[in-house]
Amino acid sequence: MNLPNIQFTEEQKQFRQEVRSFLKQHIEKGTFETRCDSWLSGSDPSFSKLVAEQGWIGMTWPKQYGGSERSTIDRYILTEEFLAFGAPVAAHWFADRQTGPLLLRFGTDYQKEFFLPKIVKGECFFAIGLSEPNSGSDLASVATRAEKVEGGWIVNGAKTWSSNAHDAHYMVTLIRTEPLGEKKHEGLSQFIIDLKGEGVTIAPIRYLTGEPHFNDVYLDNVFVPDEMVVGTLGNGWKQGLAELAFERSGPERILSTFPLLNEVIEQLKIKRDLVGLEEATKLVAELWSLRNLSIGVAKVLEEGGEVAIPAALVKSIGTKFEQKIPEIIRLMLDVYPNLHSDNRVERYLAESILHAPGFTIRGGTSEVLYGILAKGVIAQ
Amino acid sequence: MSEIKEMVLEVVEKIFKDKVEKETVDLLEENKWAEDVWQLLLDNELHHVVVSEEDGGAGGDIEDLLALYELIGKYAVPVPFIEHTLANFLLQQVDIKGFEQLTTYSITTPLQLKDNALSGTLKHVGWAQYAEKIVAVAQEDAQQFIIVADLQDALMKNSTNLAAEPRSEVVFENMKALQKVPVSAKQYEQFKKLVTAASVSKMSGALTTAFQLSVQFSKEREQFGRPIHRFQLVQQHLANMAGEQTLMTVAVNNIQTLLAAGREESEVAYARLRMDDASRAVATSAHQVHAAIGVTHEHRLHHYTRRLWAWRDEEFTARYWKKQLAQQLLETKMDLWESITDEVETHVHA
Amino acid sequence: MNLPNIQFTEEQKQFRQEVRSFLKQHIEKGTFETRCDSWLSGSDPSFSKLVAEQGWIGMTWPKQYGGSERSTIDRYILTEEFLAFGAPVAAHWFADRQTGPLLLRFGTDYQKEFFLPKIVKGECFFAIGLSEPNSGSDLASVATRAEKVEGGWIVNGAKTWSSNAHDAHYMVTLIRTEPLGEKKHEGLSQFIIDLKGEGVTIAPIRYLTGEPHFNDVYLDNVFVPDEMVVGTLGNGWKQGLAELAFERSGPERILSTFPLLNEVIEQLKIKRDLVGLEEATKLVAELWSLRNLSIGVAKVLEEGGEVAIPAALVKSIGTKFEQKIPEIIRLMLDVYPNLHSDNRVERYLAESILHAPGFTIRGGTSEVLYGILAKGVIAQ
Amino acid sequence: MSEIKEMVLEVVEKIFKDKVEKETVDLLEENKWAEDVWQLLLDNELHHVVVSEEDGGAGGDIEDLLALYELIGKYAVPVPFIEHTLANFLLQQVDIKGFEQLTTYSITTPLQLKDNALSGTLKHVGWAQYAEKIVAVAQEDAQQFIIVADLQDALMKNSTNLAAEPRSEVVFENMKALQKVPVSAKQYEQFKKLVTAASVSKMSGALTTAFQLSVQFSKEREQFGRPIHRFQLVQQHLANMAGEQTLMTVAVNNIQTLLAAGREESEVAYARLRMDDASRAVATSAHQVHAAIGVTHEHRLHHYTRRLWAWRDEEFTARYWKKQLAQQLLETKMDLWESITDEVETHVHA
């Protein structure tokens, strides 16, 4: 398998500097504090608003919906900088990464006009309603069902592991709209559900750190108007699959614990610890090679190419890399992981250790990815 | 093994099984702890297990004590049992009678001692915010002492470790040492090993539970129409965890016996090093098997994995012992095979 | 799972010194050169004869068959020393480790009297005929079959991966003696086949180094007399399983590359390389813990206990450990692996790298062991 | 990429597919080599790919050459193509015209140069026993030179690497340097990178074949009644290998482009470090998937895995580059993220 080999242009490098100075400025002003895994666990609607003001939500989208029609590579750079500085971008994350592209591809004009400008302004956040209490990795075993009524659907069921649903306005929800047949992947549709609407109950599930993070979303006779059906009825599974390459290949599968690595190298430099730095170079080399792969996938995605397999590779290898960083670093120096420490290494290490178990689970467990990858390889 | 061991272990395990629910362990996160369980342990005189019979104790040995620490880890019991009994056991070694008041210890970094006044900072001291006394090491000129001090005299900054267990920074500024007994470098080394053996023992307990929860989960959880233990990749996790758990159980058993027999040489260090890998492997696999359910606060798993993550970076770490062992390797005249198979030589300790 | 905790007695330590000085003496005399993985790839019948002269083949067996009735722990010590010094004990290995115990348990008086004294004298070597050309890990899919004739059986078929069959006199062979039924594990029997007999062709299979190592053994109308059937007809699979604990839990699953580790530590000491020694201590700690486990299993075996699961653990973890040693060591110092070097580290490293792939395959692949272990764990 | 690249690669891959059988690679083990394949390469002027057009070559660039080296690795071709063309390419960099006679190189350790006489030992020199000339580095006082010497003047001790490829120890005792050109430390550094890029390229080729053989085998081999690629544990091996192979293909592609564009900074070192892990992972998984069949001499797999094992410890190893990179990290004022994302800064090389 090969992928294009990207060298950034001068304009792209300049854009990176622009994002970087924005972030540094806000760290200095105290707008946010760098955290590991902040892209998913750091939801801060007011920071998202600031990002929106820069034109950095939906930046690749058409201008008619408020986007800037910039390249996927620009968005890639933006995302990398958010991750490297551990910025709290979780609130608008799913709307920007997934809902926007989904609506642009499958949405009605009404949906695009209604949602996209709001998302771009940082005023409308989305959650994803995919897993169900008993589905686990078997995502197609959807029990949440909809019954057709006049002008819409009545939905009953429950979704779980919905990250940030407590901060979101809407949820793109996978729902069974036809009776379960032979093939469980068929008869599924994607609905946009108003999370503030009647019959919706959001029950936070605390992460192991005790922080709210994902949610159970209970749907009790929730009315969804016809205009909130995304794309084709019954085509929900395939539409969802199309999102996966975006979901799996991004820098957020490599850089969740990068702030820790960066800070530790600074500490080792101060101590002039060459043995530690030698050990660290292996992580740097790994990061370099993963980044090439991930950027290559972004490029192919932009050109509309097929990247399901390399995207799954990024997810599978990248998440192991970000999971490994704290485990290797704690052996390189004497450090006591502490979520509340004034010492950045101690704090980043604690965040990384506690969040690491999720990396190889969320967005497709490593075990599921192995099967997908092997099948892809065998089919070639 | 002392004769009382099995009986005591049975009693204690029953107490923990009955009284330590998930909610009991959760107490720590609200700045509370299992005072009722602690009271039960006191009522059953379990804090006196290694106190000699003439002093009114049960006359057990370090092996008994460490086996109890495994149980503390196995049930994640939120009580200062290890801190209190180990502090008193250390005192016992230098012929100071133990305290009934809650006592803790911290021997990682020596305090400074001058004219009976203590200065210095002890970091991450377990349960100091609830304890009245502390056992520590202090240095005056070239001589080291085991000392006892009153905690109400110290400045304390309370925090928690990754598992929400109470940890405090304790600062002494010219505080009085209540007692002091000089200790040799060799004795201090021995104390480091005891503390490390305690740590390895409790980790072994937590590791066992993380493993057992995973086995249980893999039987109950179904995916794609069958229990997940039927999938090869889950079997790989279970097999690897079984290996780590068995290795560490045998290792801990080994060091307990050796310490009780006074024949320990480098084995505590070996066990501590190996535990670093074992705890990582088991925590990683246990979470992977439990998938999303295992990273919720609602599930018990994190009580054990967070303890493993916290404990491995406390007190005398693998990094510390690795350096000690490397120094020993450098200094011994025996080759590796001779060192490993010869159990007689007294190793040189740096 | 727990296992007994063994401390060696003074007598045992003395025995270890006795073995050690024998081996050192023969290294000095040039009788053999230390090699990694020599227990399986170092077949030297004349050295085996020397070992026999010491009374060290079949040392745990009854005196009436030439054994010394010594303990399993003594044999464990002996084996450890052979491995630590990389002695070429492959010729008598299977006879001592497997065939002897098999015959003592299931053999007829005639078989015991005929074979055991010869084995003890180092005059009779055995090979194992288990795998077949298409069986792979599916060992029970045996196609080699026997037909009953007057006074014995006519055997046809082929066995493969038979280590050292080219040096061996006999082969304990798993054969289908009843037509294949529902359960492929049933109807199998163990025959002792004379490898010098008529109809037996031994074709060496070269190892990747080019050295002869395992063999195909073709059986073309080979007559096996009735007295060469081991144990009960049709009970071959179960009898074979009983050998597995002996096969999987020994120090040969931990120490195949030990000479390399030992030598490297000596080199690091000479260089006073503390960073390297620190790295090496992790391997030492791992060795220590594996050794406790393996010795514990030996003890339980001696007492007749059930150790299938812990034995599989030793094999599974131990072989990964011995496989890992060269991979870690080559990063610790500048060394060029070379089979023909005068420098011991270079030579041991080359031997270890080239033999390592086999460690996690022979005697049950890691993949097969995971399944066995998981089932064992689930059943508890 | 030069325009000729695709065409040339196609021609060469066809030659290798047609002419390089397993038995061809086996020749090395009998102290022979594929002289017919070598002749075909010469006949097709492939040793002149990077020779400039005015000197009668094809005018290709380093990118073309490295892509050919990938093919040498991919088919384990037993010819001195890399040695000869890289030796000549190095000479070209210092404006010495290449040789038609078989030439090899060894720049790992500088020889000593005094009054035009060379002394010193070069270890593990590839194909020296068949070559007539050698390109090396020599040192006179503080100045380094690229030199050319005649191999018939040298003492040679022939041996092989782990893959049975010819490697010799070459000893010079006051031998004459045929040519010498002074080189700066920066140029020498650049040569080290070229040699390393060659090594990474051929390893990437061997790694690809080891992976492809495994995929093939997993489709053909049946166990327990189904092809083994249906088993999750085999899928895990295949997935991991696919990841390593893709990562390295992209990495090698990247350094080839950067070197050709003169924009390389630390990328060759990164690729070499990453290749150390990738080659271990792929060799291990490939053998595990092939099980016993893969460790026989009869099967082709070992031609690729043995090359990976041999090549990773030759010339400028991961260990060498790790130290260089650590030194760079220490000296740069940028933090890691700046270093990685800023492609302009010229790194300080130790």
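Going in written order, the chains are labelled A, B, C and D, and every chain counts its residues from 1.
By our rule, a contact is a pair of C-beta atoms (placed from the backbone, for glycine too) under 8 Å apart; a residue touches a chain by one contact, two chains touch by 3 or more.
Listed by chain with UniProt protein names: A, B, C, D = Acyl-CoA dehydrogenase.
Computed from a predicted structure; not experimentally measured.
Student: Pick the pair with more C-beta contacts: B-C or A-B?
Tutor: Answer to which pair has more contacts is B-C.
Student: Which whole number of Å gives the spacing of the CA centres of chain A and chain D?
Tutor: Whole-Å distance between the two chain centres: 39.
Student: Multi-chain contacts in chain C: which residues touch at least two other chains?
Tutor: Answer for chain C, listing residues that touch two or more other chains: 367, 370.
Student: So which stretches of chain D touch two or more other chains?
Tutor: Residues 231-234, 236 of chain D touch two or more partner chains.
Student: Could you classify the connectivity of these chains, where an edge means two chains touch, as line, ring, star, complete or other?
Tutor: Graph shape here is other: it fits none of the named patterns.
Student: What part of chain D is in contact with chain C in the complex they form?
Tutor: Residues in contact with chain C: 29, 123-124, 159-162, 221, 223-224, 231, 233-234, 276, 280, 283-284, 287-288, 291-292, 294-298, 301-302, 305-306, 309-310, 313-314, 317-319.
Student: Which chain B residues qualify as touching chain D in the complex?
Tutor: The touching residues are 231-233, 236.
Student: In the complex formed with chain B, which residues of chain A make contact?
Tutor: Within the complex, chain A contacts chain B at residues 131, 136-138, 160-161, 205-210, 214, 323, 327, 330-331, 334-340, 350, 353-354, 357-358, 360-362, 365-367, 370.
Student: Using the touch rule from the top, collect the residues of chain C that touch chain B in their complex.
Tutor: The touching residues are 1-3, 5, 7-8, 13, 16, 80, 84, 258, 261-262, 265-266, 268-269, 272, 274, 277-278, 280-282, 284-293, 296, 309-310, 313, 316-317, 367, 369-371, 373-378, 380.
Student: Within their complex, state which residues of chain D touch chain A.
Tutor: Against chain A, the touching part of chain D is residues 215, 218-219, 229, 232, 234-236, 238-240, 242-243, 245-251, 253-254, 257-258, 261, 263, 267, 269-271, 273-274, 277, 321-323, 325-327, 329-330, 335-337, 340-344.
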